Amino acid sequence: MTIVAYARLLPSLLAQVQTSMPPPGTDYMRILPELVLSIFGMLVMIVDPLLDEEDSHKSFGTIALIGALAALAATFWMARYPGIAFWNMVRVDGFSVFFHLLVIAIAAVVILSSFEYLRVQRIRAAEYYGLILFGTVGMCLMSSAIELVLIFIALEISSISTYVLAGFRQREASSSEASLKYFLLGSFATAFFLYGVALMFGATGSTNIDVISQVLRSGNVPVLAYVATALMFVGLGFKVASVPFHVWTPDVYEGAPAPVVGLMSTGPKAAAFAVLLRVMFEANAPGRFWLIWVSAALTMTLGNVCALVQNNVKRLLAYSSIAHAGYLLVAFAAQPELGTSAAMFYTAAYAAMNVGAFAVVGHFANAGEKYVTLEDYLGLGRTSPALAATFTFFLMSLIGIPITGGFFAKLYVLSAALKSNLGGLAIILVMNSAVGAYYYLRIIVIMYMQEPRGVPVTPVPAATGLAIAVCVLLTLYLGVLPGRVLDYARHSARQFVNETAPAAASVSLSADP
Amino acid sequence: MSAMIVASPNMDVLGPIILSLVTFIPAVGGLLILLIPRRDRDIKLFALVISVLAFVASLHLPVHLHRDLNSFKFEIDKVWITTPNIHYHVGIDGISVWLVVLTTFLTPLCVLISWNSIHARVKEFFILLLLLETALIGVFTSLDLFLFYFFYEATLIPMALLVGMYGHGRKVYAAVKFFLFTMIGSMFMLAAIVWLYAKTGSFDFVVIQNAIRTGSVPGFEQASLWLFLGFFIAFAVKVPIFPLHTWLPDAHVEAPTAGSVLLAGVLLKMGTYGLLRFNVGLFPEQAHRNAPWIIVLALIGIIYGALVSLVQPNMKKLIAYSSVSHLGFVVLGIFSFTAAGLNGAVFVMLAHGVATGGLFMLAGILYERRHTYEITEFGGLATPMPKYAAFFLVTVLASLGLPLLNGFIGEFLVLSGAFQARPVYGILAATGVIWSACYLLWMYQRVFFGQVKYEVNNTLPDLSLREKAALWPIAVAALVMGVAPLVWLSAIDPAVQAALSPFTQLASKAVGQ
Amino acid sequence: MLHLILFLFFGAICVAGAVNLLVQSHPINSALSLIVVMGSLAAEYLLLGAEFLAAVQVIVYAGAIMVLFVITIMLLNAGKEERSKGSRVATLLGVPGVLIGGVLVAWTLLHRSDMQSVPIGALWGDPKGIARLLFHDFLLPFEVTSVLILIAIMGAVVLASRPEAAARGARKDEG
Amino acid sequence: MTPPLNPLLWVIPILPLAGAAINGFFGRKATKKAISAVALVFCGAAFFVAVLIAANFSSASAPYSFPLAHWLRSGVFTVDFEFYLDQLSLVMLLVITGVGFLIHIYSVGYMWDDDGFYRFMSYLNLFMFFMLTLVLAKNYLVMFIGWEGVGLASYLLIGFWFTKDSAAAAGKKAFIVNRIGDFGFLIALFLIIKHFGSLDFTHVFTALRTLPKETTGAGLLTAIALLLMVGAAGKSAQIPLYVWLPDAMEGPTPVSALIHAATMVTAGVYMVARSSVIFEHAPMAMMVVAIIGTLTALFAATIGIAQTDIKKVLAYSTVSQLGYMFMACGVGAFSAGIFHLMTHAFFKGLLFLAAGSVIHGVGGEQDMRKMGGLRLYMPWTFATMGIATLAIAGIPPFAGFWSKDEILWRAFGASWVYWLVGVITAFITSFYMFRLLYMTFGGDDYRGAVAQEAHGHGGHGHDDHGHGEPHESPWVMLGPLVILAFLSVVGGFVGYGNRFEHFLAPVFRGATGIAQETSPESATSTLEYLLMGISISVAGLGWFLAYLLYSRLPQLPPRIAAGLGGLYRAVANKYYIDELYAVLFVKPLVEGSTTILWHGVDQGMIDAAVNDSADAARHVSDNMRHMQSGNLRSYAGWVAAGGAVVIAYMVWMGVR
Amino acid sequence: MVPLSYYLVLSGILFACGVLGFLIKRNIITIFMSIELMLNGVNLSFVAFAARWHALSGQVFVFFVMVVAAAEAAVGLAIIIAVYRTRETLNVDQVNLLKL
C-alpha cells in the first residue's frame, strides 16, 4: 500500500520539482521592514554584552529607535512592490502597508517613551528593546500574511514578546502575575485559534486565505467552516479583548509596565484586528454578522460600565480599551468596504491617543509605579499644567470630542454603521460613548477641579516629552485633517475587499499623498 | 439708526473675511495670552482689548447685512475635510447675526466683571473665556452641520472648566452635571447628523435642507421623527426645557459671574437657536406634528420656572429659574409658527441675554462684597449703595417686561403669536407676566428695601467705576432695544418669514384636515 | 479492521492518559501521563502514515519539551496540589461549556463532515516531501520561526534571571 | 384745518421726561432750588403747551393724530409711536397737567426737607410722562406703555420711603395687583390683534362700527370688553382688585393726591371711555361694568365709615367715587363719567392735599382721633377742605354735585337699582366725609398730645422740628389748595346744561346710543328735579347725622360701634379682604411652590431620578466588575463558556 | 479502513481534555501541560486532514506547531519560575493580586 501512497504523491512531487527555485529578490523587498527590524533586534542583542548594563539604556534605546525609523522608511520602500511574495505567504497591498506603518510607528513611539521609564524602573534595556523590535516583526507579518499558519506563527511572535514584556517589572509580584495570566490565557486562546485553523484546513483543504475565500464563496459552505470560524473568532476575540474573552485585559494592563501597556493595547491589537479583518472580510467567514453584532454590543457596554468605578488609572484605561474594542467591532458588522476603512482609521486614531495616554501615565507613575490611583492625580492641573493638559487632550480624544482623532474615528464607525442600516448598534454606540464620557471626565475633574495631594511630579524628560508631543500631534492631525488618512484607508479597503484573486492591485504611497 | 443699518453693501470691503475674523479674533487672542508672562493686570487688559476688538468687528455684520429674504450673508465655503466632505461653511442671517453680536457684546463685560473676582489661575481663566467666545460665535455662524456640532461641543469644555475651576460650593458636581447633561444630549444629535450625512453624503446645512425639501433623501419619512427627536433632545437639554432643566440652577449657582453671564446670556440661546435653525429648519413636518406637546412643555417651563424661582432663597438660583421661565417663552414662540411668535422668540433670546446677563453681573458684584447669594443676608441695601440699587432696578424692570425696555417687546410678540396659534397658549403664558413681577419685585424688595438688617451691609461700597463701565452698556442696551426694536426686528423679520415659509402650506393642510 | 483495532487501542491509551493527567494530583504524574499521551499520538501518526512526524513527535515533544517540564517541576519541587476552592465560574460555567462545545464539535465532525475512510498510511509523509515543502513553499514561516525561537530564548533569559542583576546596576548609577 | 400748535403735541409728554431725566441723573448733587426749578419748569411748560393747544381746539375740531416714529413690526402687524388728540384726551390732558402742576408746586413745600427730594421730583415728572403717554396714545400698545409706566411710577412713589417695610410692601402689592389687571388687558389686546390685525384706535373702532351689537350672550367683543374691564379694575381699584389702593397711602401725601386720587387711578375710567365703542357693542359687558362700579361704590363707602386714618378714609372714598365713574360708563353715560372724573380730580386732589397739610401741620400724625379743633390752628386748610367736603358730598352748587347728579340721573335711566345704590352711597359718602371734617377740625380742643415726634413717617422730613402746636402750612402749599378749592366750587358749571357732554359728543358719537333715550331733553324734567332733590337731601341727611354724632354727642359712636360688635369690627377691618386674599392666593402659592414644586418635583423627582440613575449605574458596575475575580481559572471559564456559546451559535447557523 | 472522523473526534476529545484541565487543575505547571495537550489534539487533526486532502502541508504545519509549543514551553516555564520566585506558590488560586 505504500506503493499506492507514492503513486498518489507523485504528481505533487513533480509539481514541486519544477517549481523549486529560489524566491525572486522582489520577494525580499516585500518583507523588507520585517528584515530591518529583525536585523536591528539582533544588533541590540549583539551590542548587549559589549556595553555594561548600568548606563547603556539610552544607547540601546537609540539603536532600537533608529531600527524602528529605518523600518518605517523600509515600509515606504516596500510599498513600491505590491503583490504576493514567497509563494502566497504574504501580500503587500495598501492594507498591509497601512498596518505596517501603524505598528512600526507605535513601536517607535513606545521605544521613545521608554527611555526614561527603564532607567527609573531599573529594567534591563537590551532585552526590552530587542523584544519590542522582534514583537513588531510579528505584528507586521500578521498584517501582511495571507497564510493562516504564517499568521499563527506571527501571532505567537507578537504574543510571546508581549508576555515577556508584561513581566518586566520583575520586582513587583503584580508584574509577574500579569505576565503569567497573560501567558496562560494567551496560549489557551491561541490553541483555540489553532484548532480553528486546523478545522478550516479540514473544511477547505487549504490555509491560504485567498483559496479559502474562493472555496467559501463558491457556495455550499460546510458546517465545519462555521465551527472553524467560531474557534478562530474565540482566539482573535481574545487578542482584541472582546467580551467575554476580554477577562485578561484589566489584570494584565494593571500589572504590566505602563509603556508596554501602551504598546500591547495598540500594536498587537491593531495587528489582531488586521487579522480579524482578513479572516472576516477577505476570507469571507460565514455566519459572522450576529456574532459580531452581539459581541460588539456586549463589549462596549461592559467596558464602559465596569470602568465607571475603577480607581486605578491603568485599570480604568484597560476597561476603556475594552470599550473601544467594542466600538471597533461595530465596524466589523458593517458592509466590508465601509467597515474596513472605518476600522483602519479607528485603530490608527486609537493608537495615537492611547500610546500617548499611557506615556503620560507611565511618566507620572514614577519609580515602582507608585502613583497610579486617581487620588494621586488630584490637582495635577496645578502641579504640572502641561502634563495635565496633554493628558486631558488624550482623554478628550478618548471621549470623542471634536478636533481629536478619537472623534472622527467614532464618527466614521458610526456613519459606516448607519450606512449599513445598523441603527440598533449605532444607538448602543451613542449611549455608550455618553456613559464613557463620565469616567474620563472624572479624571479631568480630579486633575483640574480639586486641590493637589502633594504627589511629586518629576519634570518631563526630553524623550518622553517628544513621544507625548508626537502622540498629541498625530491625534490632532487625525482630528483636524483626517481626510488624507481616511482616503488612503478607503482606497486600500476597496482593493482589499476586491482582491480575492492572488493578483494584487497596485498600491503606491502616492495614493496616500 | 435703521438708516445706518441698511447701509449699502457695496462699501463692504471686509465682507468675505469678516465672519472668520470675528469668530477667531478671540481664540487667537486667547492663545496669545499664553505668551504673556503671568502678570495678571496685563493679561486682563489684553483680554479686554481683544474682546472689545471682537465686538467692534462684529458690529460690521449688522451694518452691512442685506435685509432681503433668506439666503445667508457673508458666506464662506471652503473644503475642510474631503472625506467625509466637511466644509468650513459659515454664514449668517438676520437671526444669527444678532446672537453673534450679543456674544461679542457680553464678553467684554464679562472680562470687566471678573477683574477682581478671579484671583488664582487668572491666565487660564481669560484663555478659557476667549476660547469660549470663539466657540459660541462659531455655533451661530456655522452652516455645516459638522462644523456646528464641533463648535457646539467646543463650548462644553471651557464652560465646564470655568464652572469647575473657578466656581464655588459644589462646583465639581455642577460642572460634571452640566457636562454630562449636554454631552449625552448632543450625542443623539450627532447620531442624527451622521444619519443625514450617511444618506445625503453631505454635512452642508443648505444642501441637506434642499435635499429634504425635494424629498430626495432615502428613508427619510421613517427616520424623520427620530432625527427630529435626536436634535430636539440635544437642544432641549441646552435650553433647558422642563424637565431637563435641573442642571441649570446648579451650574449657575456655582459658576463664577462671567460664567453665569455667558451661560445664561448665550449658551442657553444655542439651544433655542438650534431648535429654530435645525428642528424647524430641517424637519418642518415633524416640528409641526410635535408642536403641541413641546408647547405644553414650554408652558410648564414658563409657569413652573416662575413659581419655583419665586421661593428661592438664593439670588442666583432665583435668576436661574427665571431663565427657565423666560426660555419657555422662546420655545413657545418658536413652536407657535407665527411671524409674531418667531420674531418675539428671537427677540426674547436677545433681551434675555442682556437682562439676565445683567442680573447675574449684579449678583456677582454683590457676591464680591459679601461672598453670599442668600437673599436673607441682605435687606435695605438701597441705603448704602443707591447706584447699585438703581441699576438693579432697571435690569429687573427690563427682565419683567416693562414697556420701553427690551423684555417687553419679545414677550409681547411671543404672547400674541402664541395667542394667534391657540388662545389658551397665549393666556396661560401670559400669566408669566404676573409671576415675573412677583418673584423679581419680591426679591428686589427683600434685598434693597427696609432697614439695613446686618451691620456689614452698611459698610458695603457702592459701584466702582469699572463696575459702572460694565453695567452702563447693559442698561443702555435694555433701553434702546425697548425703544427702537425695529433696528433688530427689521433684520430678524425677513429671516423669520423665510423660516416660516414651509409652514404656511402645512398650516393650510392642518386646517384642511 | 486491523487499522480500526490499532486506532482504538492507541486512542484508548491516549484518552486514558489525558484523563489521568486531569485526575492526578501530583504534577509529576500528570507530566508522565502527558508523555503517554504523546507516545500514543505518535503511534496514531504512524497509522496515518506520517512516519517522520511520529519520530519527531517522540523526539521533540516527548523528549525535549516534556523533559523541560519535568526539570521545572523538580526545580520548584512542586508538591501535590491542594484542592483549593478558587473559582465557581470555572466549574459552573466553564466545565459545562467545554462539554457542550466538545459534543457539538464531535457531532459536527461525525455527521456534518463527509469524511472518507482511509487505509493505514493514508498519506505517506516521507522526509523528502516534507523537506520540499518546508524549504520551498513554507520557507518564510520556517525562517520566521527562528525569530520566534530567539524571542523565546531572550524571554526565558530575562524572566528566569534574578532581578538583582538589573537592580545592582541601577543601584550603581544611583550612587 | 388742523390748528397750528398741534404739532407740539408730542412735546407735552417729552417735557416731563426730560425733567425726570435731568433730576434723576444730576439731582443728587444739585441744590434743592435747582431741582424744584427744573421739575416745576418742565411740568409747567407741559401745562402751558396743553393750554395753548386747548385754546384753539373746539368741540368741532376733528381728532388730530401725530405719528412720531415706528416702534415695532412683525410681518404685517405694526405698532407706531403715534399721539392722538381729541376732546376726550384734551380733557384728560388739561386735568393731568393742571392738577399735576399744582401738586408739583405743593410737593416742593411738602417734601422740601426730605433727603430724597430730587428722587421724589424726578419720579413725579416721570409719572407725568407716562400718564400723558397714556392719554395721548393713538393705539392700545402705546397706551399700554403709559399704563405700565404709571404703575412703575406709583410703585416707586408708594415705596418712596423704602426703609419702611410697610411702604415697600405696599409698592410691590400695588404693582403686582396692577399686573394682574394688565394680564387681562394684554389678553384683550391679543384678541383685538387676532381679529382686527391692529391696535390702532381709529382702525379698530371704524372696523367695529360695522359690526352688529352682541345683544345675545357673550361674543368676541364682550370678551374683549370684559378683559379690558379687568385691566381697568386693576388700575382703578375696582372690586376685586381694589386692595392695593388703601395700602398705597403709605406713599407721601402729594403722591396720594396726584396718583391715587386725581389721575392714575382714573386711567381705567379713561380707558373704558376710550374703548366706548367696544363696550357699546357688548351690552353684557356694559352691565358687568355698571354692576362692578355700583358695588364698589357702596362697598368702599361702607368701609370708609369706620376708618380712623385720615388718608385711609380718603382712599376708600376714592375707590367709591371711582365706582361712580364706572357706574356711569356702565350705563353708557361716558361723558358723565369723565365729567365726574374731572371734578373728582379737583376736589379729591384738594382733599388729599389738605389732609397732607393737616398731617404736615400736626407733625406726621394721621390718626383723626388724635386731632380735632384744628380749624383754629389752620384756618386756610380748614376752609379749603370744607369746600372740598361740600363738593364731594354733592351739596350744590359745588362741583361734585353736578357730576354726581348727572351720573345718578343717567343711572336711573338705565335701572332704578343703580340709582338707589348710588343714592345710598351718596348718603354714606357725605356722612363719613363730614365725620372726617368734624373729627379733624371740629371741637374746641386739640386731642393730639404734644409729643408725636416718634409717630410718623420714617425718614419723613417733618419730624425734625418738634411741634408744640399744630401750625398752618406755608403758602407754597396753601396756594394749590386755594386754586383747587376755587376749581371745586366752579368746576361743576362746565357741565351746566350738558355743555360738557356736547363737548365730548364727537368722541362718544358711536357710544351715545343708550344715552339718547333717557337724555334730559327727552325725559320729563320734573322727574329729574325730583331725583336731584332726593340726592341733595340724603347728602344733607348724611351731613346732619355726622354733625349729630361727632359734634353734638361724641360719646355715642363708640357705643354704637360696641352695639354693632362683629359688624363694626368687620367694617373696621375692611371685611378682612386682605386676609382672605392672603389665605386664598398668597400662602398656597408660596407654600405650594416651595414644598410641591421645588422640593417635591425639582429636587424630589427630577434631580433624584438623575442622581439615582447615576448611583444605579455605579452599583451595576460595582457588581459587574466582580466578573474580574482575579482567578485565572475563572477567566478560562469565561473564555470556555463564551467559546461554547459561539460554537453553538455557529453550528446552528451552519446546520440551518 | 477507519473513517477519518474517528481521528478527528479523538483529537477533539484531547482538545476538550486540555481545556478541562485548564479549568480544573490548580497547579500552574499542570495547567500549562493541559495547554500542551490541546496543541497535541490540534496536531492530530492536522495530520488527519492532511490525509483527507492528500496535502503534505497538513503534516508540515505540525512541525510549526511543535516549534511554537517548544518556544511557549521555554517562555512559559520561565514565567512560572519568576512567579514562583515572587509568590512562593504554584497554586493558581493564590495568584490573584490583580482583580476587580
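Labels A, B, C, D and E are assigned to the chains in the order they are written; within every chain, residues are numbered from 1.
Note that a residue touches a chain if its C-beta (ideal position, glycine included) is under 8 Å from a C-beta of that chain, and two chains touch if they have at least 3 such contacts.
Here the structure is a predicted model, which means the values were calculated and not measured.
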{"item": "Lowest number of touching-chain links that must be crossed from chain A to chain E", "value": "1"}
{"item": "Partner chains that chain C and chain D have in common", "value": "A, E"}
{"item": "Chain pair whose interface holds the most contacting C-beta pairs", "value": "C-E"}
{"item": "Per Cα centroids, the chain farthest from chain D", "value": "C"}
{"item": "Euclidean distance of C-alpha centroids - chain A vs chain D, Å", "value": "80"}
{"item": "Where chain D and chain E are represented by their mean Cα positions, the distance between them in whole Å", "value": "98"}
{"item": "Geometric centre distance via CA averages, chain B-chain A, whole Å", "value": "45"}
{"item": "Whole-Å separation of chain centres (CA-atom averages), chain B against chain E", "value": "66"}
{"item": "Residues of chain C whose C-beta touches two or more other chains", "value": "49, 86-87, 90-91, 94-95, 98, 101, 104-105, 108-109, 112-113, 119, 122-123, 129, 133, 137-138, 141, 145, 148, 151-152, 155, 157-159"}
{"item": "Chain B residues counted as touching two or more neighbouring chains", "value": "none"}
{"item": "Chain A residues counted as touching two or more neighbouring chains", "value": "8-9, 12, 149, 153, 156, 160, 163-164, 167, 170, 176, 179-181, 184, 188, 202, 222-224, 227, 250-251"}
{"item": "Touching pairs - complete list by chain label", "value": "A-B, A-C, A-D, A-E, B-D, C-D, C-E, D-E"}
{"item": "Complex interface listing, chain B residues touching chain A", "value": "81-84, 121, 149-150, 153-154, 156-157, 161, 164-165, 171-172, 175-176, 179-180, 183-184, 187-188, 190-191, 194-195, 197-198"}
{"item": "Residues on chain D engaged by chain A in the complex (per definition of touch)", "value": "617-618, 620-622, 624-625, 627-628, 630, 632, 634-636, 638-639, 641-643, 646-647, 649-651, 653-655"}
{"item": "In the complex, chain C residues that touch chain A", "value": "49, 104-105, 108-109, 112-113, 119-124, 128-129, 132-133, 136-141, 144-145, 147-148, 150-152, 154-155, 157-159, 163, 165-167, 169-170, 172-173"}
{"item": "Of all residues in chain E, those that touch chain C in their complex", "value": "1-10, 12-21, 23-27, 29-30, 32-34, 36-37, 40, 43-44, 47-48, 50-52, 54, 56-60, 62-64, 66-75, 77-82, 84-85, 90-94"}
{"item": "Chain C partner contacts - residues on chain A that touch it in the complex", "value": "1-2, 5-6, 8-9, 12-13, 16, 19-20, 23, 31, 38, 41-42, 45, 52-55, 85-87, 89-90, 119, 122-124, 127, 130-131, 134-135, 137-138, 141, 147, 149-150, 153-154, 156-157, 160-161, 163-164, 167-168, 170-171, 176, 179, 202-203, 222-224, 227"}
